[in-house]
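Sharing a structure with you now.
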Amino acid sequence: ADDVTLQLKWVTQAQFAGYFVAKDQGFYEEEDLNVTILPGGPDIAPTQVIAGGGADVTVEWMPAALAAREKGLPLVNIAQPFKSSGMMLTCLKENGVASPEDFKGKTLGVWFFGNEYPFLSWMAHLGIPTEGGADGVEVLKQGFNVDPLLQKQAACISTMTYNEYWQVIDAGISPDDLVTFKYQDEGVATMEDGLYVLEDKLADPEFEDKMVRFVRASMKGWKWAEENPDEAAMIVLENDETGAQTENHQKRMMGEIAKLTAGSNGALDPADYERTVATLLAGGSDPVISKEPEGAWTHQITDKALQ
Amino acid sequence: MKDTNAIAAPVIEARGLGLTFETADGPVHALKDVTLTVEKGDFVSFIGPSGCGKTTFLRAIAALEHPTEGTLTVNGMDPDAARRARAYGYVFQAAGLYPWRTIAGNIKLPLEIMGFSRAEQEERARKVLSLVDLEGFGRKFPWQLSGGMQQRASIARALAFDADILLMDEPFGALDEIVRDRLNEELLKLWARTEKTIGFVTHSIPEAVYLSTRIVVMSPRPGRITDVIESTLPKERPLDIRDSAEFIAIAHRVREGLRSGHGDEV
Amino acid sequence: MRSVLPILTVLAAIVAVWYAGAVWLNSQWSYDQAARAGVEVTFGEVVSDTLKQDRPVLPAPHQVAEGLWTGVTGQKVTSKRSLVYHGWITFRATLLGFAIGTGLGILLAVGIVHDRAMDMSVMPWAIASQTVPILAIAPMVIVVLGGPPLNLPPLIAKAVIAAYLTFFPVVVGMVKGLRSPEGAQLDLLKTYSASRSQTFWKLRLPASMPYLFASLKVAVAAAVVGTIVAELPSGAVAGLGARLLQGSYYGQTVQIWAALFAAATLAAGLVVLIGLIERATLARMGMAR
Amino acid sequence: MSWFWGAVLFWLAAWAFNAWLARQPVAATRAVGLFVPALFGVTLLVLWEGIVRGLNVPGVILPAPSAIWGTIKASVPVLWGDFVQTILKGALSGYVIGCGAAILTAIAIDRSPFLQRGLLPVGNFVAALPIVGIAPILVMWFGFDWQSKAAVVVVMVFFPVLVNTVAGLAATERMQRDLMATYSASYVQTLLKLRLPAAMPFIFNGLKIATTLALIGAIVAEFFGSPIRGMGFRISTAVGQLALDMVWAEIAVAALAGSAFYGLVAAAEKAVTFWHPSQRGRQ
Amino acid sequence: MKDTNAIAAPVIEARGLGLTFETADGPVHALKDVTLTVEKGDFVSFIGPSGCGKTTFLRAIAALEHPTEGTLTVNGMDPDAARRARAYGYVFQAAGLYPWRTIAGNIKLPLEIMGFSRAEQEERARKVLSLVDLEGFGRKFPWQLSGGMQQRASIARALAFDADILLMDEPFGALDEIVRDRLNEELLKLWARTEKTIGFVTHSIPEAVYLSTRIVVMSPRPGRITDVIESTLPKERPLDIRDSAEFIAIAHRVREGLRSGHGDEV
């Protein structure tokens, strides 16, 4: 069997159910692959791992991947299992935020570490400076959890539809007390959770073949997970080495994830790509990418995998 | 509480004094059944082999150790009270100057604590420094001086505040014979002039005989007094009194006392 | 043993302050929740609520104790939910890193003491090395060591970080210790015309032992910290560090504190262990009085 | 490859030169005392540059010193802003509060052996709590700005300084204390004139250890939530952006600031404890 | 200066020796223009006030200090070579036992370094321990002994490897008079029996006179030799020789020499 190492963007959770399912259900084995899944975490830059040769393929968000490409690391998107973006800003109603106009003068929690680009683009889009002041917003680098909202250190925080949002709910705040702004709805969505490899390796037919099989098996895993969300969540749970995840949370997460993967067969939709790039290029004074990227995605793999 | 009634109570009075240290290896009887009376103006030397309790006895007088048996009074009070009344100056076996203070600073230390005025401090420091021949060394630090000079500085420190009792634990041990002779003479003069009461520990028989009005011979295990020799020498003592027959006789008696105490060891 | 009562007293005081702090810090949430629900609450209700929240700002001592207890006894020790399992993983890496760091530190110290050029050049950089924020370079170290061509297992990568924090106290203490013999002690060996290696084995090394043990105690605690730091980015899969991070990510304060206490217990246990070895060694050398 | 071997060669040559220089009588002078470690540092940098270029290490794994230097020059305002936020506001204030509190606590518990026996073991246990665990909690308590960083620093430096101060206050010799007893000095007099001066070498030992801890603490705490400036913030975001030259620029600033901080405390130590044998030996 | 009628070269020969310490406060002239010849079998005492360079001179002979002027040879070689040839045993002013070694272990230290066999080490340690009256203390650690016992152990350590030259820096300074007398006698016996050459620093005039064949009187600032007194006492010396007129005469001459050297200071 051929070895493939996959680097995840985050810790083991239902966000990556498709891959765990493919491994657990033997889809990779059927393709004669021996896949190692490396969990990520707040301190792991998947781009760096792949640059260091620690992985063959990685799950990454497109803004970070394009930024890395500009920095000289030629990442290429070979598949896009997620159709929609799950990122949003979640605000407490009592803090007086009802629409984006109300952001001014407020403190907003934002994820950095390469995940700040969609937010910065959005603010640039709205024309709100991020340097603080009465007309701007105060930005707080949000840590790992939703505490800044619960502790009232921020008026709004970044959440994923499938994860942090539910942590806020679990903490005992009812959905009625919350206001959410989905990037998808605001028209500034960027693509999340694509599969990326190094460009020069794609020239190698053997590697190309491995990736074709890998993407095929992974998409099979995703579709299985969409159809059997509860079983998929249990598979994820079994693969969690820290023993910190809970069944309830993972099952719910799987349900939300299924909404994001729905509508993708694995092939990247060039229209989504164009929108992402346009959003990023509008990224204010310190743009994520300064010029239109070239060759940042390919259908080379999905064409073969999905025929 | 001092002797207002003329002829007065003894300055130091020990009755059946015992002091036992509890150690991991069992008790050490540093002093046993020590009885001694020291009158005002006495110059008492303590002599005896290493470990016989000389230092311990002096420390007990200074309330640095607490007797486990018997009674001990200083100026008629209990030693702790005497200490709080700053009844004595103490010269330790080692100089023990504070390295972060200059020599003058070290000498002023007790004066600062006892609340002397700045001017008085300067004045007294100057005086005692010249007494021990250390003029000009006031601004040096202790570690810039030789061992002998440090020892002299520590004597100056004890003299600075002019207590009535002076307790000295081998103060001249580190000095050479000539300097020692000179300081012996100075000490005698000081004692004659000030009528201080002095307790003095030494290893040297000639020194003990030359200085003392009374010589206490001690012996170890347990530490006890084996002999108390009253000196018949006059109060006025030139250095060459040491060649007199009387001196040699006393020295002989001390040596005999020591030797008998030594019988059981080394 | 005389210390038992004082320690218990201090612990009791800490627990009392802790409870007070828990009430104080957690009450905001209780009031906010009540306000959101539109109900009035009495102070008594708030207090009892603050001591049993799911996501307290500061969990009460009994909650942490419970977390520790279920973490340790709630399942088989081989279970991934067991604190013992994670503690064991951290412990292994700590010990390996500690061994590497101590060895390296002693070697460096020997070099510094015996070679003037090393003395003059290495020490300032050893100090500078410790001002590098380890958490910043840990992920890179993990990536570099874990990836090709080295492909080292996570255990080694973690141990390297632990060693990085370990070596410094050892170098500092050991240099001090190897230099602790006084001039007179060195002169004595000179009069015997002893060689450098004889001077090292018969004087410098034995003289350095108390210093070495003092630094080893600091170093082993540092090694635990290093391992935990290294566990954060190593994929956050296992170990107390991963537990800590997971707890932090999901706002499971009780889990954080339980992992934190487990880590501190591990470190304290190792320090005590070294203390025992120290006592035995120094007693054999006749240096314990 | 030639870069690589050239660097190794340079390193060997410089080492030989340093070894030679250290053996010369001039080695005792201050200039050489600075030159030798500086040359050592330069050789490390040259070796690093050589390895990166010689082995073609990608810049997203390890940038070359020259690239880092370029970034430093280009981003002085950013670096300065981060320095102010993290070092001046976070680390320094925490250091002063933590060390001050530790010394005062040590003096406060000094008269109570009971408290000392109880507090020190518990203190050692608390000191063993890894900061990566404490930092998120303190960020939660004290907010995301520099106050929480200072709090982390306070927690980190408190116990090393406390333990050293307590040890220092106990470090007087019996005779030195007896001397004070013969003067029937009060507690405060003994403290001011004997025990504090005698404790200084120990206290400075703690203060020196605390400098590096303070820096690490302030930077690491920023990983757990911060405003959008500060060295820890910059490092963690720059890693995510693969801007490793920026990461290393911040690390360089941290190392420089840390060494300067340490050097400052060491200089103060020299001035205050000039009388201690370890300082006297070095004139 | 002694006339070299004997066959061998002198054991120690100093010509115009000078030694200056550079310190932060300027140079200290510890020794200046010291010329002295010591023949095999001599027992030479050095006496003089504190800081006159006695220790420095002994250390220069042992190659622990390096003269800045003049020449110095030991056994005809330069002192460093003599040190490497392990020509001498040295007893320091302070005992300086290693606290992590037992008394026997301390005594075996030089033997280990010089590569004696195990059995030989045991044998010699036993022998010298009994010589200094410390039988039965071999397995104790230094801090379990009194200061005097420690000093005796350090003497035993220097005797253990039986060097031809023995350099002793105030070895008996810390001992009381009785023990000192006994050790003085033992040292004389040892010297008579082994024909060692001994350099001996002391503060005590009687000790110097009692022990030596030659007494070197030194004086400080700069450290120099002011008098060399040949002893006319016989080689056989009972303790009570100290009461003889001859002894007293020599002691007087030493005291005079010392006093004149002291003129400028203290």
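Order of writing sets the labels: A, B, C, D and E. Residues in every chain begin at 1.
As a convention for this text, contacts are C-beta pairs under 8 Å (C-beta built on N, C-alpha and C of every residue); 3 or more make two chains touch, one makes a residue touch a chain.
The model shown is predicted, which means the values in this text are computed figures rather than measured ones.
**Student:** So if I look at the partners of chain B and the partners of chain D, which chains show up in both lists?
**Tutor:** Intersection of chain B and chain D contact lists gives nothing.
**Student:** Counting C-beta pairs in contact, which chain pair ranks first?
**Tutor:** Per chain pair, the contact count peaks at C-D.
**Student:** Quick one: how far do you have to rotate chain B to sit on chain E, C-alpha fit, nearest 5 degrees?
**Tutor:** 175
**Student:** For chain A versus chain D, what separation do you get between their C-alpha means, in angstrom?
**Tutor:** Roughly 38 Å separates the two chain centres.
**Student:** Between chain B and chain C, what is the separation of their C-alpha centroids in Å?
**Tutor:** Chain centres of chain B and chain C, defined by C-alpha means, are spaced 53 Å apart.
**Student:** For chain A and chain B, what's the span in angstrom between their mean Cα positions?
**Tutor:** Centre separation, chain A to chain B: 86 Å.
**Student:** In angstrom, rounded to a whole number, how far apart do the mean CA points of chain B and chain E lie?
**Tutor:** Averaging C-alpha atoms per chain gives centres 31 Å apart.
**Student:** Indicate the residues of chain B shared as contacts by at least two other chains.
**Tutor:** If we look for residues of chain B contacting two or more partner chains, we find none.
**Student:** Which positions in chain D are in touch with at least two other chains?
**Tutor:** Those would be 61, 136, 140, 223-224, 236, 239.
**Student:** What are the residues of chain C that contact at least two other chains?
**Tutor:** Counting only residues that touch two or more other chains, chain C contributes 57, 135, 139-140, 143-144, 232, 248.
**Student:** When you check every pair of chains, which ones turn out to touch?
**Tutor:** Listed in label order, the chain pairs in contact are A-C, A-D, B-D, B-E, C-D, C-E.
**Student:** Using the touch rule from the top, collect the residues of chain E that touch chain B in their complex.
**Tutor:** 25, 47-51, 133, 146-148, 173, 175-179, 182, 203-205, 255, 258-259, 262, 266
**Student:** For the complex, give me every residue of chain D touching chain A.
**Tutor:** 58-61, 136, 139-140, 143-144, 222-228, 233, 236-237, 239-243
**Student:** Would you tell me which residues of chain D are touching chain B in their complex?
**Tutor:** 173, 175-176, 178-186, 189, 193-194, 197-198, 200, 273-277, 280
**Student:** Would you tell me which residues of chain D are touching chain C in their complex?
**Tutor:** The contact residues of chain D facing chain C are 15, 18-19, 21-23, 27, 32-33, 36-37, 39-41, 44, 61-62, 114-119, 121-122, 124-134, 136-137, 140-141, 212, 215-216, 219-220, 223-224, 231-232, 235-236, 239, 244, 247, 250-251, 254-259, 261-262.
**Student:** Given the complex with chain D, which residues does chain A contribute to the contact?
**Tutor:** 43, 45, 47-48, 51-52, 64, 67-68, 71-73, 112-116, 130, 138-144, 147-148, 151, 153
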